[in-house]
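Before I ask anything, let me first share the structure, which is written out below as structure tokens.
When the chains are written out, they are named A, B and C in that same order, and each has its own residue count from 1.
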Amino acid sequence: MAEATASAQHHAPPQSFIRKYVFSVDHKVIGKQYFALALVAVFVGMVLSWLMRVHLVWPGFAIPGLHFLSKVGAAGNVMTPEYYLSLMTMHGTLMVFFVLTNAPFAAFGNYFLPIQIGAEDMAFPRFNMMSFWTTFVAFCVLVAAFFVKDGPPISGWTAYAPLSAVGSDAGPGLGLGQTLWGLSIAIFCLASLLGSLNFIATTLDLRVKGMTLSRMPLCTWAWFITSCIALLAFAVLLPACILLVLDRTAGTSFFIPSGLVVNDNLQPHSGGSPLLWQHLFWFFGHPEVYIAILPAMGIVSHVLINSMRRPLLSHKVVIACMMTIGFLSYMVWGHHMFVSGMNPFSALVFSFPTLVITIPATIMTLIWLGSLYGSKLRINTASLYALGFISMFVSGGVSGFFLAQPSIDIYLHATYFVVGHFHMVMGVAALFGVFAGTYFWFPKMTGRMMNESLGKLHFLLTFIGTYCIFMPFHYLGMAGNVRRYSTFVADYLQPLMPVHRFITIAALVTGAAQFIFLFNLIYSRFKGAPAGDNPWEATSLEWSTSSPPPFDNFGGKHPIVYHDPYQYGVEGSKGDYIMQTSPEPEEAK
Amino acid sequence: MGKLFGVVIAVIAIASAVPIVMHTWDPPPNISTHGHAIDEQLSDTMLEAGISFLAAQLFLAFFVWKFAGRKDGAIKSFPGGARAMVIAALVLVGSEILALGVLGQKAWASVYFSPPAANALLVQAQAGQFAFYFRYPGPDGKFGVIHPDKINEGELNFFGLDPENDVEARDDIVSAELAIPSDREVHLLMHAKDVGHSFYVRELRIQQDFVPGLDLGLHFTATKPGKYEIVCTQLCGLGHYNMKAYLSVLSQGDFDEWLKQKASEQ
Amino acid sequence: MAVTVDELQQIAIDDEVSGVGGGENLVPIAGQLIAIGDHSPEPSRTGIWVALAAITMTFAAFTSALIVSQGSGPKWQHISLPPILYLNTLVLIASSFTLEFARSRVAIFARGQNAQHSVPMAWLCATLLLGFLFVAGQYAAWLRLKASGLYLATNLSSSFFYVLTAVHALHVLGGLAALAMVIKRFTEPVLTLRKSTLDSTSYYWHFMGILWLYLLLVLWMKL
């Protein structure tokens, strides 16, 4: 491996425990911190979903221990309707923000982006440390909502005004808890903006010699595109949350019109627009879901190429598709608002780009499938999750095609069809991307392999389990089953209860299977087989350094890059691949 | 494991399609004049989506099954390469978008782009935590003004009417049930009392939010007498799950009887 | 200060190499590694434009909120702007000029053409002072509004006034902190101030001025 001359270190290695593991400026530590936070958030979010599902099918059931969580919301261990909505709101908020924005993007991106471009660290290491700890503060503020007197907010992760803006008159769960929600998300926005700034500057300015933009791995590209989207999206959510908190605490009326009689009290507000909240929120909210899925697409491509031992049919087309998706994601937010009372003509305007965004997504899916053809597919847990992602992405994407059409949305809006759609793409597909990345990069981060048998068991149970949970959601939606109901009392919903029971059982079993993953993570960290530098025979820069990498990633040397990132299937090379840092010339293929 | 996984994908894909093909959990039969276009749109989309879904999953299953664990031979490229995929995506998705986009425009337009008929039955719906109330204008054809400060559920003054001072309010007919005659266009005015709500009747293929501060109108024609559920679909607080009312579609004669009866109860 | 001109030239004041390249294809030809110049920009240069893009987006969101609010009801009561705002505007624009004078004097100093430390310092401090004067003037504008009975929640027009000016003032305070840091670095015995830091701070500061002009227009107009 060729080496350039050593240069001065970005910053000296830390000595104290606090500087090494707590307030660290090392992007690898920060990446692991984000991962740990996401892990805590996902298990909390998952438990919340169990509580919800159990209540839905056995409403009067006294869930043991629930009253410890809330004496008011679960007196006698039986959940009140408003507490169901609180758990639902916290589930959504935790999952979308603290899991799906953190894990595929902040965690893996922070750890691997600098290494994959040959840098010693991010461009602004101290901002990076601030980003993580600001995210942590946001998490604490959100969780604090569980413990306030009026309980956590009940307006959903979407917090539509005026329900979220008028305060406690509108019911329990709309007091301090909702304000804490607004503050938490505002703080999260600040953290995300800092993080995105870092990703963008690092990608543009810290690439090592020979690392042209087109030689960056696909996951690096995905993180870069995602950070551009995130920068502009979170910059809009922040003012929205500020205005919401002001409406709640300072008596302003940004989102509250006049003449509202809530709980027999005429509200002293006037002039505001509930639709304004929806526009601001969804202008952020739609790009947000692409922030969740794009890194997963990048990770999956990266893992898949390694497992298939060949590059994708076209590197440049995939990058162009990801950029197109990122760009179009800003044009479609109104498709969440087809029946919201906005101008019906705008519905058609939003519908068109929503349908068009299917095109790059389809191109990518076809390229993944087409690249499988004629490949030498290696099966391991990481590649299984990458393949599983394709299946889930197809399932989730296809249901989106229904919702993109306003006339069909008249029937399917606010039903379980929507819930099924977004869970399949975000809750499953994006999460599969995270799993793929975890099983793939765990050896690099820890120097040890995860247990393959446990991994495969985890995969099979999760793949089948999530289909059992979320595919039926679509059938429920077709029957018109409305979402965000804490109990199903309408006449037409009664015949659907057996489906709900099936889903609840599937959710509990699949949830239990996640403990296999947790066990595997912890056990392998200490007892896993030693991994070596390049257990997957991979080509990108992270595999050219030790497992785990040294403090400055490359041991004082700057790698030099000679090749594109996916030199697999090369005839006559040692093994069937050439690493990016190897000066070995490429064979004409 | 690779081959097993290929089989699993195929089984799940086919199993997922079964309830759709068997129409196990279909939407209820349509009872509105515009609903037929929506249903057609829905089944066209289901056909294309279903074919795309099955094709993608089965190809995935097949390729995983065939190429997992393959060690010998050279790497082969799919004929046409990336270019074929781009063209296929553009052609397939592009044509679907054109077909559905054009069709969809008509279905959407029939609900939103035509004004209500001049002789449509005027009804107002008010959504508030956690009930719907409906009001008919009475013989004068006009609604009395809503005075928010006069709303009093205890005294059954759901709309905050002031019959003493408002002439138009005197003959307004308020009801917790929405009754309409069949085969006559209804113009529904929608008013939100407190927070956001939504009006959803599955059989009518109608869904529209109530927006506080914005008085919206919706028009439709029901074709089949019967009793149907109206449910709230916009999260409005703890009672959201229980916020519902009944829509009675009656023959014109029965409707006139009903309205007379209700007027006498005011 | 006992720093020689030569030493000054050693000190990084121009675009220096921090990242080590990217940009060139380096497949070895005939086994020889081709050496090429490998400069990538200082990350703070990219960083400042990224930050300005985010801030622009935030104020774009506020603007669209303002437009929607003005259009959503006939009850909009447009407040008239306190006249002190125009004085504050002049102060802020003046501070951009003083900052530009400061930059060119710093460059002259750093090139060793003039060892006078006090002239660039004066211009930098003038900028800082004008910046504080601006914030104080904004506060005076709020007091004026309060005196005429217009508080944060009085009506939507006053709400937007307070929110937009407050958020802008917060960002200006951030700029003042950066200016203070620049001054501190400039006063150290060995010059540690990088040109890229001074440039980035200046771009940010000028942006605050442009942003203020925009906000003034938007608050004044009936959209």
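Operating definition for what follows: contacts are C-beta pairs under 8 Å (C-beta built on N, C-alpha and C of every residue); 3 or more make two chains touch, one makes a residue touch a chain.
From a predicted model like this one, the values you see are computed outputs, not experimental measurements.
Because contacts link the chains only in sequence, without closing, their graph is best described as a line. Legend note: the chain whose CA centroid lies nearest the centroid of all displayed protein CA atoms is A. The busiest chain interface, judged by C-beta pairs in contact, is A-B.
Set against the Cα centre of chain C, the chain with the most distant centre is B.
Between chain B and chain C the centroid-to-centroid distance comes to 50 Å (mean Cα coordinates, whole Å). Computed centre separation for the pair chain A/chain C is 34 angstrom, with centres defined by C-alpha atoms. Chain A and chain B have Cα centroids separated by 30 Å. Residue positions of chain C touching 2 or more other chains, listed in rising order: 72-73.
In chain A, the residues that touch at least two other chains are 257-258, 272-273, 275.
Among all residues of chain B, those that touch two or more other chains are 213.
Across the complex, chain A meets chain B through its residues 80-82, 85, 154-156, 160-163, 166, 170-174, 256-264, 266, 272-275, 308-310, 312-314, 317, 339-341, 344-345, 347-348, 351-352, 355-356, 358-360, 362-363, 365-367, 369-379, 384, 387, 390-391, 394-395, 398-399, 401-402, 405-408, 410-411, 413-415, 456, 460, 463-464, 467, 471, 475-476, 478-480, 482-492, 496, 499, 568-569, 571. Here chain A touches chain C in the complex through residues 2, 4, 7, 117, 119, 123-124, 193, 196-197, 200-202, 204-213, 231-232, 234-236, 238-240, 242-243, 246, 250-254, 257-258, 270-273, 275-276, 279-280, 283, 558, 560-563, 583, 585-586, going by the rule given at the top.
The part of chain B that touches chain A in the complex is made up of residues 1-2, 4-5, 8-9, 12-13, 16, 19-20, 24-28, 37-38, 41-42, 45-46, 48-49, 52-53, 56-57, 59-60, 63-64, 67-71, 73-78, 81-86, 88-90, 92-94, 96-97, 100-101, 104-105, 107-108, 111-113, 128-129, 146, 148-149, 151-153, 160, 192-196, 198, 200, 202, 205-214, 216, 229, 231-242, 244. Contact residues on chain C toward chain A in their complex (touch as defined above): 18-28, 33, 38, 40-47, 50-51, 53-55, 57-58, 60-62, 64-65, 68-69, 72-73, 75-76, 152-153, 155-156, 159, 163, 167.
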